[in-house]
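For reference, the structures are reproduced in the following blocks.
Paired with chain B in one complex and with chain C in the other, chain A is shared by the two complexes that follow.
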Partner chain A sequence: MKVSDLNPAQLQQRLQEAGLRIRTGPFVTRVHTSLAAAAEGIGLLYADYPLAEDEDFADFHIRLALPDGLRRWLRPQVLFLYDGTRTFKPLPVDQAFPMFEWGMNWCVSSHAHSYLIIHAAVLEKHGHAVILPAPPGSGKSTLCAALSQRGWRLLSDELALIRVADGCVIPLPRPISLKNASIDIMRHYAPDAVFSRKVSDTMKGTVAHMQAPADSVARASEWARPGWVIFPRYEAGADTHLTALPKAHAFMRAADNAFNYSLLGERGFASLAGLIEASSCHDFVYSKLDEAIDVFNNLRPAALLP
Partner chain B sequence: MIAPPLLLQALRYPEQLGSLGLADWDILIRQARKANLLASLHARLQECGLRKTLPAQPREHLDWAHALAERHRLAVHQEVTLIQQALAATGVPVILLKGAAYVMAQLPNARGRLFSDIDILVPKERLDEVEAALMLHGWAASHHDAYDQRYYRTWMHELPPMQHIRRMTVIDVHHAIVPETAAVHPDPAKLRAAACPITGQVSLLTLAPADMVLHSAVHLLHDGELENGLRDLVDLDALLRHFGDEPAFWLRLTERAEALDLTRPLFYALRYTSMMLHTSIPPDTLAQAARLGQPGNAMLALMDALFLRALLPEHASCRDMLSGISRKMLYVRANWLRMPPLLLARHLFHKACISPKSAD
Partner chain C sequence: MKWQAISPQSLHMRAWGEEVVVYDARTGDTHLLALAAARILAAIGHSPANVSSLAQTLTDLLPDQNSQEQAHEQIEAMLAELAGISLITPAKP
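Let's look at the complex of A and B:
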């Protein structure tokens, strides 16, 4: 059963009563909320996601709720509760859906220590993953969204999961988070894609989410082998430029972008070393999406090179 | 009262968890995480050989918690080494308390136990030296308010917590195990005299077994913040099981409780570990602890009602109508035990009306 098999009334009822058990990649999240903005976003952007059975185990239990007291009515706010515990400061209520997305990222990045988790977009082609680690503002999500519309399978827009046990890259396809100018660029670039409403004045500026391609969601259990680690940087007016990066540098920069590298200790080091060893590593500067896509479409996995 | 939460059943008889269904695991994992006992549960399941046979999803959560606990254990070892180096020149013997002591002495309850601060006990007359040495090595006082400084230095049993400026780790330097202003006065000199060196460590000590149990008891039963109440009860359970193998321990325990003026906390500690975690305690010891430390019947009924609720995980699945008020009443009680009424009134007045509010 998928989210889209529920009509809006059933979806709302599920969210209010038993909780909606959404399966994203290897995780099941049980969501409770009575907020219309959250229900609308979930119905729209999670339509293709499978639902877990009610008697199944859920990894994360979350609730988006209105606070008690004045802030329920006066400039109302929304709370993110992780199994009953407040984990973030409240946000204005129209940010309920972005908060849901950020909260879902937090659930994974602060618990799932069987993976080395890198703050990165991840896509796949021919079984090989390209990992794009980058701090916010480097154009990672825009590039990721564009690639996902041009033949690359989206594995994740935010969290690269490297399974510690075997070094495989595990998909966690979820909506792609776009900010400010990127939103209209992507609407224009992918007119058929589904977008959430724009929400302005968030801590990241104006944000909107773009639905993950249905094929990515359907193939969420197909892991990939490491292929490339590429550090993207958008620079207005710059020429498209892919340069090889020494592996030691790539290692340090990927470690800087990892959530639990030091927590995993020796195993974190071994996982990251394995990833960098198996990948070709590059710096990438771009300003034009079409040229960027061409560069990516000309990448050949190290294993296939003559 | 409702049936005992799954977490209590799991801590009593971990070997019976093999038959648990997924829906029950869902609840158990959540209760354990909330009580800060997920990694301890991992350790117990590992010990009884069940971990590998568990369903994949709960096993994954237990392994996640284990990864965090392993990192924590290494960090504690490193931090203790650095504290030792900082204090080496003073020649002050360092007695580790609570979590750090359990980890360094490799006691069974250290496995999977998470805690935030390192606590040490030093002689009161050498506090200045210890504080200066720590400051030279990068620890700085964290409470800058003049009132807070006086609160700690005049009335409490410890210096204001010190935080390392680079690593952000916190050390609590104690000179006693209860506040100066409390009604009971376990003599720190007796505790220090009985302290035992940690095997394989130079100049590091822990409290003697009976004293360690009594400190754990006084900490649990005099401390108003009970978020980690069940974890502390699990400590007591594990310490009693571990030291209790030595028959002489039990007699020593009641003797020390008398000598240190801690017969009431010992009575409650033995009562609630045996009631909630089914710790096996010799009947003679229970009887002797009751003779020495049992309160009147009305008081006992009230304490039972409060502690048996407040020591449960603070999770929705373990809550009844009286859970909230029980925690609040125990918080008030803890402050009552910490200071005489007039001083307490003065302290609460200052905190409510004069101290600058922390930015929230």
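Let's look at the complex of A and C:
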């Protein structure tokens, strides 16, 4: 059963009563909320996601709720509760869906330590993953969104999951987070894609989320091998440029972008070393999406090179 | 004066080309070293050594690139770097 099998009334009822158990990649999240903005976003952007059964184990239990007291009525706010505990500062209630997305990222990056988790977009083609680690503002999500619309399977927009046990790259396809000018760029680039409504004045500026392609969601159990680690950077007016990056430097920069490298200790070091060893590593500067796509379409996995 | 590794059993290394990434499980720190510095670190980890013997080790590693005088200078720079990131310390007499 998928989220889209529920009509809006059933979805709202499930969210308010038993909780909606959404399966995203290897995780099940049980979501409770009575907030219309959150329900609307979930119904729109998670339509293709499978629902877990009521008796299935849920990895994360979250609730989006209004606070008690005046804040329920006066400039109302939304709380994100994890296992019943308030986790973040409250946000304006119109930010309920972005908060749900940010909170979901936090759930994974703070708890899923059987994976080395890198702040990175991840896409796949022919069984090999390209991992795009980058800080905010680098153009990572825009590039990821464009690639996901041009033949690359979306594994994740935010969190690269490297399974510590075997080094496989595990999919966690969820909506792609776009900010500011990137929102209209992607609306133009992918006119058939589904977007959430824009939410202004968030801590990241104006944000909107783009639905993950249905095929990527359907194939969320298909892991990939490491293929490339590429550090993207959008630079207005720059020529498209892919340059080889020494692996030791790629290691240090990927470690800087990892959430739990230090926490995993020796296992984190071994996992990251294995990822870098198996990958071609590059810096990538771009300003034009079509040229960027061409470069990615010409990548060949290191394992296949003569 | 001899130098010794602070905790050689805590060090994990991965070399790519002329560079090595070193993870120190004692501190949780990760360092990027030149291959020659990593080899000197490994030599010190094997047994404490002084500048002269390490300069000889470096000359053996890079016979085409080092006069004995240059090797001394390079070793002193490497030792300062390795001590600065708490991988080595002067050995107690």
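Everything below uses one rule, namely that the second predicted complex is superposed on the first by the 306 of 306 C-alpha atoms of A that agree within 3 Å, B and C clash if a C-alpha of one lies under 4 Å from a C-alpha of the other, contacts with A are read in each partner's own complex, and residues count from 1 in each chain.
Keep this in mind: contacts are C-beta pairs under 8 Å (C-beta built on N, C-alpha and C of every residue); 3 or more make two chains touch, one makes a residue touch a chain.
Here the structure is a predicted model, which means the values were calculated and not measured.
A.B. asks: Examine A:G265 and indicate which partner it touches, taking first as chain B and second as chain C; both and neither are also allowed.
C.D. replies: both
A.B. asks: Based on the superposed arrangement, let me know which partner A:R300 touches: chain B (first), chain C (second), both, or neither?
C.D. replies: neither
A.B. asks: Quick check on the superposed pair: does A:D59 touch chain B, chain C, both, or neither? Answer first, second, both or neither.
C.D. replies: Touch status of A:D59: first partner only.
A.B. asks: Once chain A of both complexes is superposed, is A:K247 in touch with chain B (first), chain C (second), both, or neither?
C.D. replies: A:K247 sits against chain C, while chain B stays out of touch.
A.B. asks: Touching A:R197 in the superposition: chain B (first), chain C (second), both, neither?
C.D. replies: Neither partner.
A.B. asks: Let me test your reading of the model: by the given contact rule, A:A112 touches which partner, first (chain B), second (chain C), both or neither?
C.D. replies: It touches chain B, and chain C stays clear.
A.B. asks: Between chain B (first) and chain C (second), which does A:R86 come into contact with in this model arrangement: first, second, both, or neither?
C.D. replies: Neither partner.
A.B. asks: Which chain A residues lie in the overlap of the chain B contact set and the chain C contact set?
C.D. replies: Of chain A, residues 262, 265 contact chain B in one complex and chain C in the other.
A.B. asks: Could you list, by residue number, the parts of chain A that touch chain C in their complex?
C.D. replies: 246-249, 251-252, 255, 262, 265-266, 269-270, 273, 276-277
A.B. asks: Show which residues of chain C lie in contact with chain A when the two form their complex.
C.D. replies: Per the stated touch rule, the residues are 12, 14, 16-17, 19-21, 23, 25, 28, 30, 32.
A.B. asks: Considering only the defined contacts, which chain A positions touch chain B in the complex?
C.D. replies: Residues in contact with chain B: 55-59, 61, 83-85, 111-114, 262-265, 267.
A.B. asks: Tell me, which parts of chain B touch chain A in their complex?
C.D. replies: 22-23, 25-26, 30, 33-34, 55, 57-58, 60-61, 63-64, 67-68, 70-71, 74, 315-316
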